[in-house]
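These notes open a run of structures that come right after.
Here come two complexes built around subunit A, the first alongside subunit B, the second alongside subunit C.
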Partner chain A sequence: MTQTETPTSRLHAAYPESTVYGAVGDAVVALRFSEIEDEYDAIRNRSAVFDLAGTPLIEISGSGANDVAQRILGRDVEFLTAERCMTSLVLETDGTVVDQVEVWGREDGLLLAGSVGAGERLLEHLRSEAADRVTITDRTGELALLAFEGPYAWGVVGRLIDGELAALPFESIVDATWEGEDIVFARTGSTAEYGYKILASAEAAEKLWARATEEATPAGYEALELAMLEVRQPIVRAEATGANVVEMGAGWLVDITKDDFVGKDAVQAAFAAETRRTIGFSGGSAVPEAGTEVTVDGEAVGEVVHAVHSLALGTTLGLARIAPDLAAAGLTLTVGDAEVRTLTSPYVTPKSWSTPII
Partner chain B sequence: MVLRPVVITGVGVICAAGRDADEFWRSLVAGESGISAVRDERFAAFEARFAGQVPDAWIDDQLPVAERELDRTAKLALVAARQSVTHAGLGDTPAERFGLVLGKCQATPAGDGAYQPMHATADTVAARISAAGPRILVSTACAAGGNAVGLARDKILTGEADVVLAGGVDPLLFGTYAGFAGLQALSAGPCAPYSRSEGLNLGEGAAFVVVEPLDAALARGAQPLAEVAGYGLSADAYHATAPDPTGRGGTSAVRRALVDAGLTADDVDYVNGHGTGTPANDAMEKKVMRTVFGERAASVPTSSIKSFIGHTLGAAGAVEAVASVLALRNGTAPPTIGFSDEDAATATLDFVPNAPRELDMDVVVSNNYAFGGNNASLVLRKPGPARDFEPLPEAEVVVTGLGPVLGLGVGVDELTAALAEGRTAAGGHPSLEGRTFAPRSVWRHMNRLSRTAIAASRLAWDDAGLKLGRAGLENVGVVFATAAGSIESTAGFDESVLANPNKPAVLSFSNVVLNATGGAVCQTLGLRGVTTTICNGNASASVALDCAVEAVRCGKADVVLVVAADEVAGGSGSVCLVVESAAHSAARGGVPYARVRGSTHASVIGAGEQQLIEHGIGALNARSADLVVGSGAHVGDESERAAVTATMPGAQLAGSAAVTGDLRSVTGALDLALGALAIRDGAVPDAVRREPAAGVGEVSVVGVAPVSTAVVLGSSPGSVRGATLLGAV
Partner chain C sequence: MTIDELRAAAAARQQTCSRIKKMIVSRLDLPIEPDWITDDQPLFGRGLELDSLDVLELYVAIEAEFDVALYDSDMSVFGSVSRLAEHVDPSLPKTEPATADGAA
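Showing the complex of A and B:
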């Protein structure tokens, strides 16, 4: 971004001076607050706190809310209760990905939390698909979303919010209060570490951010996307362009056993087709651009989707979209000038998997 | 409101730590474990081979020769039951005023791969101690024993019995052992609850307490040992076998029990914990302690006697109730054994490590948690002198929703249409093809029984027009009724163990417990209120309805789902009734089918079943009811046929067995549903009026004279006979 663009977050005044901003979709967010190494280390070994400003927060309410959501969302939300959340894709009729959303069950409908910076397109799509008896409300401006991730994030939640909430079952939601303010607390995340999200009024979020950054390391969007890639959590803005759900490897975010949903026919066709597949790879010192050719014995077999430098692996980590018969772990491919090896996910083993909540 | 104080006046126990209460207590305070290497050579198949076994001689030496041929479950139960009756000094309690509530987790093998009816053990015990009052078989897996003591208190409070024997029993069974081994839940050595928490040991045993009103006990000169001040039940609604790691369910049970007792967490002096020794249980229990007691948690002594006897499953809650009574009487908290010095030094809560502790205690809480997400907490306290009390309030209770899921049809509309057309369907499976009543990811892993029960529950919920927010769902109860649980899962599990005991079908194992289906209903619908499971054969549903009505009367729930589900050869089904306080229904604009005007249950000892039925009809003043829904009149139940003919010669007679064949607990629930339908909607099958019939008969619908009252007969021939009177609202 240029320094003249205004950060999306209302909390930015509390950010440190060292903060580096950048554009993510239609949002301007903190890419990092200090050194990415420290922020990444907090995610994987301690606890990090994120200001997820720029996340579209869109409410679907009214008596027809669940019917509409069931049609719009790729996964089955027919029985989603007010105390559960789940992740789903939102598709166009032709199968193109509109966004990946976290769906929070609410007493009078659902709340969708989309990808950072993707609000405009998501909102437009939802409004175009909405029907009678449904109200679509953009609550992005009045609410703030904070997240905690890390193998000891449960301890931060215990000290800051409520120790009992730390052990909430995965994808559970609780309406709670924090220092007299109503909040919605969810056990969910995107880095495969212990993850929690808190939805609060913008005013409450200011207080919470101040307290949270005393307990956890504030981390920016770069570290978050790196950690997401390491556990093969889809990053829509990097992976969805020009690919269908199957090519993305995001089949788990739709449910073709559902009676119907927008884009279902296209997804079924994609499953039936011999389409390219996405596979993780590591190797090389340079980070290749998206679109870089992938070859085997000099023959083009695909292209790079997205790549970064992995701090945990100490090398390049990326995704390649290649012919289906090569989309297997343990193969050697050439990306640009570098030899890389295909991987099975997760590419980094989260410490939380061996860290109990005590 | 001060309810009639209910006390324990006798205890009996047999388990690995002692053949009677005295020996049991001596072992506890001496820190002497009863856990040993399993003697049965078949268990050499498993890596973990420690258990709490009862020597055969301890059992047989306490039984007359004629009873030594009974099955082990019955023998264990009889030994403990007689001990408690003797201890209480019970004299000439009229048989019809003497009830029995038995908790049991495992079905008793009957040879050739078959099982006895779940209630058979209760029948065996009741017959030998002359208990012909209310008889309930409660099967909430590992919470059943504690649950039984609570239900016994309810039977005293409702006035249905003067004395109730409450307890639990389970033997050590090879298949169950294989199941726990398959779940990796067994400890390789003696278990160490709250310290190493490396797994559990299974155990066996039985325990009973004699429960009666304080005033009656004092009047007959008995010594009250402890007051059953309150009890609380809850559902985790989380997972089939794992406890909710947040401890929400366990916390609710304790809090509900304390509210029931009119006490607070600050009043609790000692906690007898569930303490199985598995990591999941022990971690969850610590959370419950911290949540319930807050800053006091570390100073509330808590111990697990499973460290002495292993996990006795359905008996556990009863054995622990007896231990709690003895702790109160002796002013001593029994220890949790198995702690190393380092474990003791680093423990974050007071688990009374290794040595008993003298403790001036007035209030004890005993907790149990079970597969299926069932939780039960008992509050026991030192008995005081007789005190004034108020009767249990009458509460108008109505049936506001029906959910039939049958081969005959799914939903009220299809059932009503089938009745109108005079169709019958003996057995058969309900068609749920293309329909899901739960998230697909969950639905496809469910067995048939859970699917039908969940479908029935959702249909009944919708039929009632219930719309409750999250807070409301926390207090919706579920009483599950089943004669035999999932035959599909039981058979699948048994086959897997037979093929290779080290590779049991663990998913099926989690569904073998009788309460698994009720737990699945709670989990799928997000219901966390009072919950229990009743297994009284074909009478299960009417007994379950009683429990639901009592929950409403006691103020423990405004809405309770009574869900019956069973499988028979070639058929299956489920029926759910939404039972609701009339005030709650009226406030939300509900349109009830019928009001529950009364019910009564009596139990069979020997002959005289016709008289029991006649007595039930008479007790409800139901002789002039417009309609009789007979449970077995159409399948050769001569006692019922004769009783109806004798007492209600002019009444219209119907019965679902004529329409669907015998579907066990579902038949009882469908009979109740038919009575309710007849009253509100005038739909009733006129099934072969008093003509002998051996099975499904021709059915026609009488465009009956309006039905304003219906008496529904619930029966488990040879065991329990009941009658429920439904009336127009």
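Showing the complex of A and C:
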């Protein structure tokens, strides 16, 4: 971060001095608070807390809210109640991905929580698609979103808020009160560990952050994106450029059986085409740049989409977009100068899958 | 391996994945084309949104379709179609995932 860039979070005054900031889209966020190894370990083996500052929080309200949302969102939200949330892609007419959003059902409409740093584009798109009887309100500045992730995150929620909330069914939402403050509590996450999110006023979030960091390890955006990649949760800013939904392998974030939605025709055309596919790979000591050629015996068969160093694997972990007849796990390919092996997802088994809530 | 051998290996896995997708759609009566399910798509929670009752149905279906009993397997077997393929088709190379124990 340069001296002229201001952190997006209103909680940044409470961050430790060791915090490393960086730009993610149009937001300046905490990439890490201390050592990424400790923050990653908290996600996979203990409990981590995130300040998801920079997440666009956009309300769609009015009598036509559900109709507009049904048209804008790739997934079917016709029966989404105020007690449920779900994840969906938002597409342009040509099938280009605008963003991945978490859709929170609300009594008077819906609240969309987009990707960190993607607010400007998402807001512009929603306003361009809005119709009469609908109000699009950017609530990013007045609300804060905190998240807990980890195999023991349920224990933190129990100690901090309410043990019963920790055991809610996946993608449930509850309006609750915490120390006199109204909050919205959701059981949802993005690392395949036990995940929870809390939507609160910025003022309430300051208190909650202070308490939460006594119970869980504050973790930054670097560790979060690494953990998302390991379980093949799409990272739109890294994966969507120059690719359609099918090439991304994100078809599960649209509902092709829906009558219609913006971009549906393009998705159907992509599905019918023999397009490239995305596959995970690991291997090599250097982290290849996006666009690095993937080859077999010197013949180009694809390119790297996104890669990082995986702490769990102890090697490079990445995604490559390759020819459909080679898009399968268990193959040995070459990325740059390194030999890599294609993988099945998830690339790291979440500890939460074998850790019961007690 | 040569590129043709790699293509053959990929085709073998894709064929098993395709059988699994057809089985899932048929047994669970899902309103989608089997090919719409991607090999790496999560099957539970986010993704195909299957639940524990669906797992029981799949145990039976897998035994009938592939003659493989997975009843004592952990849930990671169902991490994705491609992962499941390795457990129902012994001829496919294993790509077992890592755990994050002690990763830091």
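To be clear about the criterion, the second predicted complex is superposed on the first by the 357 of 358 C-alpha atoms of A that agree within 3 Å, B and C clash if a C-alpha of one lies under 4 Å from a C-alpha of the other, contacts with A are read in each partner's own complex, and residues count from 1 in each chain.
Note that a residue touches a chain if its C-beta (ideal position, glycine included) is under 8 Å from a C-beta of that chain, and two chains touch if they have at least 3 such contacts.
Just so we're clear, the structure is a prediction, and the values are computed from it rather than from any experiment.
Undergrad: Quick one: on subunit A, after the overlay, do subunit B and subunit C clash, or do they fit? Just give me the call.
TA: fit
Undergrad: After lining up the shared chain so the two structures overlap, which partner does A:150 touch, if you call subunit B first and subunit C second: first, second, both or neither?
TA: In the superposition, A:150 contacts neither subunit B nor subunit C.
Undergrad: Now for A:79: first (subunit B), second (subunit C), both, or neither, which partner does it touch?
TA: It touches subunit B, and subunit C stays clear.
Undergrad: One more residue to check, A:107. First (subunit B), second (subunit C), both or neither?
TA: In the superposition, A:107 touches subunit B alone.
Undergrad: Of the two partner chains, subunit B (first) and subunit C (second), which one does A:284 touch, if any: first, second, both, or neither?
TA: Neither partner.
Undergrad: Quick one: classify A:7 as touching subunit B (first), subunit C (second), both or neither.
TA: neither
Undergrad: Which partner does A:257 reach: the first (subunit B), the second (subunit C), both, or neither?
TA: both
Undergrad: Output check: A:175 vs subunit B and subunit C. Expected answer is one of first, second, both, neither. What do you get?
TA: Touch partner of A:175: subunit B, not subunit C.
Undergrad: Looking at subunit A, does subunit B or subunit C touch a larger number of its residues?
TA: Higher number of touched subunit A residues: C.
Undergrad: Output check: A:117 vs subunit B and subunit C. Expected answer is one of first, second, both, neither. What do you get?
TA: Touch status of A:117: no partner.
Undergrad: Please work out how little space separates the C-alpha atoms of subunit B and subunit C at their nearest point after superposition, in whole Å.
TA: 5
Undergrad: Where on subunit A do subunit B and subunit C both make contact?
TA: 257
Undergrad: Give every residue of subunit A touching subunit B within the complex, in rising order.
TA: On the subunit A side, the touching residues are 76, 78-83, 107, 163-165, 167-169, 175, 255, 257-258, 356-358.
Undergrad: Considering the complex alone, what residue numbers of subunit A touch subunit C?
TA: Contacts found on subunit A: 37-38, 40-41, 44-45, 87, 170, 192, 231-233, 249, 251-252, 256-257, 271, 277-280, 296-297, 299, 301, 310-314, 325-333, 341-349, 351, 353-354.
Undergrad: Can you name the residues of subunit C that touch subunit A in the complex?
TA: 1-3, 6-7, 9-11, 13-14, 17, 31-33, 35-42, 45-48, 74-76, 79-80, 82-83, 85-86, 92-95, 97-101, 103-104
Undergrad: Can you tell me which positions in subunit B touch subunit A when the two form their complex?
TA: So the residues of subunit B in touch with subunit A come to 238, 244-248, 283, 287, 290-291, 436-441, 469-470, 473, 524, 526.
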